[in-house]
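For reference, the structure I am asking about is given below.
Chain IDs A, B, C and D follow the sequence of writing; residue 1 opens each chain.
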Amino acid sequence: MMKVTYNKQLTALLVIDPYNDFISEGGKIWDRLKTVAEANDCIPHMLQVLNAARKAEVRVFYALHHRYRPGDYETWKYIAPIQEAAWSHKAFENGTWGGEIRPEFEPKPGEIVATEHWCSSGFANTDLDLLLKTHGIHKLIVIGLIAHTCVEATVRFAAELGYEVTMVKDATADYSDEDMHAALDINIPNYASAILTTKQVVDSIASL
Amino acid sequence: MMKVTYNKQLTALLVIDPYNDFISEGGKIWDRLKTVAEANDCIPHMLQVLNAARKAEVRVFYALHHRYRPGDYETWKYIAPIQEAAWSHKAFENGTWGGEIRPEFEPKPGEIVATEHWCSSGFANTDLDLLLKTHGIHKLIVIGLIAHTCVEATVRFAAELGYEVTMVKDATADYSDEDMHAALDINIPNYASAILTTKQVVDSIASL
Amino acid sequence: MMKVTYNKQLTALLVIDPYNDFISEGGKIWDRLKTVAEANDCIPHMLQVLNAARKAEVRVFYALHHRYRPGDYETWKYIAPIQEAAWSHKAFENGTWGGEIRPEFEPKPGEIVATEHWCSSGFANTDLDLLLKTHGIHKLIVIGLIAHTCVEATVRFAAELGYEVTMVKDATADYSDEDMHAALDINIPNYASAILTTKQVVDSIASL
Amino acid sequence: MMKVTYNKQLTALLVIDPYNDFISEGGKIWDRLKTVAEANDCIPHMLQVLNAARKAEVRVFYALHHRYRPGDYETWKYIAPIQEAAWSHKAFENGTWGGEIRPEFEPKPGEIVATEHWCSSGFANTDLDLLLKTHGIHKLIVIGLIAHTCVEATVRFAAELGYEVTMVKDATADYSDEDMHAALDINIPNYASAILTTKQVVDSIASL
């Protein structure tokens, strides 16, 4: 695997879906993610990477899933199974606590929030690519949820669009070890130029 | 020019930027559009087309320009002149009357509002293409503002993406007759399969 | 899982990467795919689905990987690992037998070949979405190679773009059962509305 | 208008459609472009800019229109008027002299040719955005044909995608002065951050 380097002009941190429904006690999907997330210290790691980026002035971007709103999907003729599931669970319902960002991950002034994505990729049908380009970004450090759906989708799209991706492997989580393995060991190595630990990434960022 | 036909399954009305800042007395840009808009009865025509679509159950979509919010553009390294202008005028400022849709054009339940666009095309960096596809739409009837910027951009992108476009030539307006002429007579005829009057479109829709 | 139906107006068969390098004895990657491909009769199944589509006049589209040409990638600053691998192996080298379509899968007149894709998704940076739209297609039946790279990527992008996808699970192959499992059982069920056998798909198509 | 600066790492020259059919004596469309093109020395200017870029090692990209091939468009349900025209004229017919690049503009090794575009924008349904990104490009200097169709479309899309554009106003041409005026004076000023003469651009590039 190539040696990836970072610099503040070209590099951004991309935080995917840090919603209460995913990563807070009491969130709709937390119980399904908890075992994996607690085993690898996912939430503290996400926070360490975020804080390191903020301290080093590496710009932070957010890719957020569509928050469920009444009427969504009702008129669609074509819908993917993962969207049917989001519809039936009302995941990240707009105006509810579950659809809010977990407080420690709340975007700060100067951090960039892309428009919400309808399916899994933070790039599909959003302004994420535009916002990265208008800031001159070519290298992404990716953290967040869920490894084999939104994270993998966003990493795949990033590579297709020409971005160089670093995946932080202990700052993500999934429903099971098998799902994590599919994402981190089978698929993402084809698209991410580096797959690193939180410690490795924090050290790299700190030296910028 | 080919003879365009419509049917309810494949056809949608696309309403572009019916903001108070554009089309209401007192709006920030209204004074610059007023002469052309009053000469061709733009606003009443837009309303006639919208009402005809609603009555015939032709689905209605909205393409809306990004509403200015504090912090926008400040960190961008690259920005187009039309965005610099929007930035300096705070066009469609979020939370203000100018950034609201003129009341008669307010979306109704079952009508689809795409995410806001940052520049001129309703398709660029938004979910408009996705939402049209999930509803099975291939034919667009286009009305709204401003002819040579957002309207022309959206028509051009629609054609590039494979949609069949009808432009309603007296349900749009511009800063000057020359700008209207550039849009309606020079450019849009290359991309729209039909350029019709409100009367022609309303008659066609009414017969569906 | 929803019950998927097909009709000739809305449905297309999408054939992914039927190159000699992948699916012919002597191809550069065939030895790595052979075990899985022979176990599930991948190639005969692909051919059965293709013939059924042709007989029923379901339109056929091809998504083909970029054929290696001298100079490719040499000037790129950013490149994904899977592209580095394609570069070093000169996969599907232009002008060589390995970069030709296996003869039984050669496109016939009226079948549509999208521009070549650089990474894994048949949609990324190609005209596939345009060509599907100009033909009125909303439903895709997907066959081809390799399950967890180009096939999964294309299925994911199709769902993100609003297409309804059927995956033919025994008309694809991979390097290992584990890779197949990751694609067919873990990831694709989130994005494909149906995952069927060749027999099921051929029967459905035959009844159109 | 902002003061645009260039540097070799971020800047590329984009040459649009330098086909014999457009810019060579005997080309299918040359007679319609000749008056404007000869009045502003379009072809010599295009060549001066190209040579300046090559000398300064500013990377050169080509956006080329789809070359007509038998069968094209025949099965399309939806088609834009400009594509119907290209179809009926067999513009840039593949395998003919008219579909070849005029010899002085032939790409050299290390210059990048995007996949062909079907309509007017060099970005729509092509790999141009990817190829610019993989080379780290954010600033485009645009020359070529035709001002109000492919050139304007490509400039508009470039701005929508976040690129900073310089238009070289005497290195393009059109059917009439009115068409040139619509492109150069009415529309492109909204999307290009600078509209310069060949002399100005050549001087800027020479100083890099």
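The rule is simple: a residue touches a chain if its C-beta (ideal position, glycine included) is under 8 Å from a C-beta of that chain, and two chains touch if they have at least 3 such contacts.
What you see is a predicted model, and the numbers here were worked out from it, not measured in a lab.
> Based on which chains touch which, give the shortest step count from chain A to chain C.
Minimal hop count between chain A and chain C: 1.
> Based on mean C-alpha positions, I'd like to know which chain lies farthest from chain C.
Between chain C and the rest, the longest centre separation is with B.
> Determine which of the two chain pairs, B-C or C-D, is joined by the larger number of C-beta pairs in contact.
Looking at contacts between chains, C-D has the larger number.
> Suppose a student superposes the Cα atoms of chain A on chain B; what rotation angle should they report, nearest 5 degrees?
180
> Since chain A and chain D are copies that touch, is their contact same (over half of the numbers shared) or different (under half)?
Mostly the same residues form this interface, as more than half of the numbers used are common to both chains.
> As a quick test, compute the distance in whole Å between the mean CA positions of chain C and chain D.
33
> Based only on mean CA positions, could you tell me how far chain B sits from chain C in angstrom?
Here chain B and chain C have centroids separated by 37 Å.
> Send over the residues of chain A in touch with two or more other chains.
In chain A, residues 77-79, 118, 124-125, 129-130, 133-134, 136, 138, 160-163 touch at least two other chains, as defined above.
> Touching residues of chain C toward chain D in the complex: what are they?
Within the complex, chain C touches chain D at residues 59, 71, 74-79, 109-110, 112, 115-116, 118, 124-127, 129-130, 133-136.
> Which of the residues in chain D come into contact with chain B in the complex?
Residues in contact with chain B: 1-2, 77-82, 84, 118-121, 124-125, 138-139, 148-149, 152-153, 156-157, 159-165, 178-179, 182, 186-187, 189-193.
> Quick one: in the complex, what on chain D touches chain A?
Residues 129-131, 133-134, 136, 138, 160-163.
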